[in-house]
Amino acid sequence: MSTKPSKELHPVPNPHPDRDYEVEIRCPEFTALCPVTGQPDFATITVRYVPGPKLIELKSLKLYLWTFREEGHFHEDVTNLILNDLVEALDPRWMEVEGDFNVRGGIYTKVKAEHNPEFRKTRG
Amino acid sequence: MSTKPSKELHPVPNPHPDRDYEVEIRCPEFTALCPVTGQPDFATITVRYVPGPKLIELKSLKLYLWTFREEGHFHEDVTNLILNDLVEALDPRWMEVEGDFNVRGGIYTKVKAEHNPEFRKTRG
Amino acid sequence: MSTKPSKELHPVPNPHPDRDYEVEIRCPEFTALCPVTGQPDFATITVRYVPGPKLIELKSLKLYLWTFREEGHFHEDVTNLILNDLVEALDPRWMEVEGDFNVRGGIYTKVKAEHNPEFRKTRG
Amino acid sequence: MSTKPSKELHPVPNPHPDRDYEVEIRCPEFTALCPVTGQPDFATITVRYVPGPKLIELKSLKLYLWTFREEGHFHEDVTNLILNDLVEALDPRWMEVEGDFNVRGGIYTKVKAEHNPEFRKTRG
Amino acid sequence: MSTKPSKELHPVPNPHPDRDYEVEIRCPEFTALCPVTGQPDFATITVRYVPGPKLIELKSLKLYLWTFREEGHFHEDVTNLILNDLVEALDPRWMEVEGDFNVRGGIYTKVKAEHNPEFRKTRG
Amino acid sequence: MSTKPSKELHPVPNPHPDRDYEVEIRCPEFTALCPVTGQPDFATITVRYVPGPKLIELKSLKLYLWTFREEGHFHEDVTNLILNDLVEALDPRWMEVEGDFNVRGGIYTKVKAEHNPEFRKTRG
Amino acid sequence: MSTKPSKELHPVPNPHPDRDYEVEIRCPEFTALCPVTGQPDFATITVRYVPGPKLIELKSLKLYLWTFREEGHFHEDVTNLILNDLVEALDPRWMEVEGDFNVRGGIYTKVKAEHNPEFRKTRG
Amino acid sequence: MSTKPSKELHPVPNPHPDRDYEVEIRCPEFTALCPVTGQPDFATITVRYVPGPKLIELKSLKLYLWTFREEGHFHEDVTNLILNDLVEALDPRWMEVEGDFNVRGGIYTKVKAEHNPEFRKTRG
Amino acid sequence: MSTKPSKELHPVPNPHPDRDYEVEIRCPEFTALCPVTGQPDFATITVRYVPGPKLIELKSLKLYLWTFREEGHFHEDVTNLILNDLVEALDPRWMEVEGDFNVRGGIYTKVKAEHNPEFRKTRG
Amino acid sequence: MSTKPSKELHPVPNPHPDRDYEVEIRCPEFTALCPVTGQPDFATITVRYVPGPKLIELKSLKLYLWTFREEGHFHEDVTNLILNDLVEALDPRWMEVEGDFNVRGGIYTKVKAEHNPEFRKTRG
């Protein structure tokens, strides 16, 4: 595997596909650019999911998040985009992505987007 | 956009209108005047919402909250008024505004008002 | 309004009677006497409610709580009595009073009494 | 009342038997002996209950917990035994006893036993 | 009982098999090897369960967790394997194993696997 | 000893008068009246001292602090008065009294007065 | 005394001028305007001093700090100006003013200015 | 070594007697009896020392502290007595014993006694 | 002033050059690249100083720190380089730069470099 | 460099040998064996130093600490041994090693050993 930023995620097989279990992955080192001013933004990205056939591989997730370092994104948009990319790559039974963005102009913003909320409601 | 206090909110389009996701915006720098004594009051205002067609734009929210700096308001009233203004401007699927007011007379007050509680009950 | 202890609460009209919203009022400066030893007891009293036609007025609440300074009360009893008085004065849709009492004999006691629990169950 | 350890609990009448309210009593000074090694064990015992006709009297509870100081008990067993004794003495509508035991062998243990879980489910 | 690492768990009889109660056991001293690099990994393993006929015996649990010290395991896999071993040995009514793994590559991972989720849903 | 408020302190002999050692006594349950408004004030009073011939007796200290419950005092004054009374009664080698007063008008006040600062400087 | 903003401080006599004691006053509700953008700034101002002939009177301090609400000031400047004004009005033996300003542009600033540092060095 | 309470400490040789280094040993499980009421008292005992020829052996320290379980002691006295016993057994270059006692009558007490304060002053 | 990364710092005049006062500036959003792997590193940079003729201007400090985003630096080196640059630009009476770097390989690193330690020793 | 445990430290040159600056390295993942029972012990090892000609290289430090995984050591001894090894390899101007060991038998132990305390005293 390369050590360059890459949008390619390289999931690995889920060793326990017969059980619904939860994984939480917290990445406090996310940075992108503000699409308006071009200045750096910072956030903690947290992914929670119940895996389907595949698991997130941590090194490729790190390289994936690195790709945002030179890209401009709004808070609400980038949180949803990360969810879309992870759902596409992993086909999870349930997934939630939360972005907790650093204060800007005295205001703190968090965004939380969820894939397949029906799974959560049924599972309790 | 001006940098003067203004009741005008300038929402931006929601880039992911097909998904119910949550945004939390915390503003620890709210100040108004006590309508009885005229002295300054301070609070943290937190807005949580599931956007409909529009998103809150942070700079105009900051200018909006600034307008209260010279106005007199009771705690319960101003929390509801902010909710009304934001609902009017954004047409959110669900919204909650919480005001956490600084201690006065040895007493701490929090007020929490909600738009469309049915959405929350259905969503779980 | 006088600045003497008084059992009279002076509620004010609810400016948003059409909405079910929550108010939390925390008073860390409650003191009464132990009915057995006559020595001072201390507690934090927290009131949470969904107002009906009236709101608690903070100054009169402070004078009301002051009246307990020279009275002897058991923990469980005084928490319920405060709830009764506030419900009588305010006719709230829902109310909860919690007393968090300072340690005595190495034991910490909290008491929580609720008016109209059906409202909470329906509201979710 | 004596100031010697005693298994006798001396409940007092509930002054508000017409209302379902909650009492939490936290005792961080519980100590017993390990039934295997005979060495002292330490725990915080927390009792939460909705009283029926009677309330726990704090001084007799303290003398009751003192009786375990020279007795050998396993963690899971003693938590259930305390629940049994308190239910027998108080006839509560609902009760939960939690033992949070100090670390032993690098492992932290908590035990939580409940009387009448149906009450909790109905009450919400 | 030996004081060597051993996969053998030695449960003890449940002294209160007639009641559904919860036990939580937290072990902050878990270490295994990374199956890719061979370097040490560290985690806190927490077991929560409602016992059936048997209880976990703490010393044998400690020796059991010690066996992983020289073994290579992925985070998601080892959490599920520990759950499988404990369920096999104890036949609990409900069990949950959570692994909270130390940061690697700037990323924090938690895994939580559950046995018999139906029990939890029914119990509330 | 009575259980009424009393300015009389009843020190006990210091069992280790040959050693300079420190005692810290923290009393979070101090209340007096505001000399301007007559309304209750609250504070935590902390006494730190190196005893001379006598030690503070805790029960009489409690009755002593109780005497302020119905007296009006300014923050700076009452902290110094308590120091004066304790120095008079105990003849300590060194003593410090700190009053940490509850917020009033959005302002938090602490006062710290010291007896025999030369002792502290020499002792290091 | 008026309840309008006023640069006039109204010190009161020090009731214990014969002793060097310390007073700390913390004001978390300071707000001024940014002299560049005109937008509101927020800070906690803490005053620590050893009084000379006079004490700060809390209500006039509150009115004094209120005067900055409509004034533009840089962080370093306003902290020193407040120190100058308080030293002028109180003639303290020692004083320190600290401004802890809210984050701007992702950067947190604190400023601490001291009057008569020689006093502190001598006193230890 | 026995596993019964014993006043005998069994120090072990200091493997690095040529260096002044510090050891801190914190024991949150100390309990004795109140010499007035006979009821249990609880404390955290912390020992800090620079060893001379010998080190504290942890198991014998545990058995030593266990001996206080059935003895009556005042807070100030027992802290000094433990220091005396440890100094006698270990001949340390410097030692400090701190007792942090649980709240009694709403008052928290800490006692700290030191052996050879000259060592600390010279060492800096 | 540009909004591009720039090594140029634009200090402003110190409005109180006659007084030795302290400024602390904390920047939790520092990121550079690892000079070995090329992957992103993250740190909090804190600058504490006693200004001479000039003050740090916050916007230009932000642009200055931004320049490290694409540069490779070792932890110890970059902390000293930032100190050198700030001393060169500001000619402070005293300055300290601290870098608190995010965990790598399970190890947390902090580096603290100081300009003119003699000033600190004299000032006390 | 190998990725096997190794007592060989591979320091790198200090890029700023002309300045006395401090480095703190915290390693929460230290584990060794108890020399009495053979069971695993756990600790956080913190190294603080003022470098001379060389800096600690983090990867080789990690491999060095890994060598203790299968070795038996007493707490006081291993802390001093690590200090000796690091001083031998790095020739620092000043160094301190602190071991904060996990609780055993209800007792928490910390050990702190220092190289060249004269440097600290002179530097202030």
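Each chain carries a letter (A, B, C, D, E, F, G, H, I and J) given by its place in the written order, and its residues are counted from 1.
Here is the rule we go by: contacts are C-beta pairs under 8 Å (C-beta built on N, C-alpha and C of every residue); 3 or more make two chains touch, one makes a residue touch a chain.
By chain, UniProt protein names: A, B, C, D, E, F, G, H, I, J = NADPH-dependent 7-cyano-7-deazaguanine reductase.
Since the model is a prediction, treat every value here as computed from it, not as a measurement.
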| item | value |
| --- | --- |
| Pair joined by the larger number of C-beta contacts - B-F, G-I | G-I |
| Distance between the centres, which are taken as Cα means, of chain J and chain I, whole angstrom | 28 |
| Cα-centroid distance, chain C relative to chain H, in whole angstrom | 46 |
| Centre-of-Cα separation between chain J and chain A, whole angstrom | 37 |
| Chain centre separation (chain D, chain G; CA means) in Å | 52 |
| Per-residue overlap in chain I, given as positions that touch at least 2 other chains | 28-29, 42, 62, 102, 104, 106 |
| Full enumeration of touching chain pairs | A-B, A-E, A-G, A-I, B-C, B-F, B-G, C-D, C-F, C-H, D-E, D-H, D-J, E-I, E-J, F-G, F-H, G-I, H-J, I-J |
| Chain H partner contacts - residues on chain J that touch it in the complex | 74, 76-77, 79-80, 104-114, 117, 120-121 |
| Contact footprint of chain H on chain F as seen in their complex | 14-16, 19-29, 51, 55, 58-59, 61-62, 123-124 |
| In the complex with chain J, residue positions of chain D that touch it | 42, 102-104, 106 |
| Chain J-touching residues of chain E, taken from the complex the two chains share | 3, 28-29, 31, 37-40, 42, 62, 66, 69, 102 |
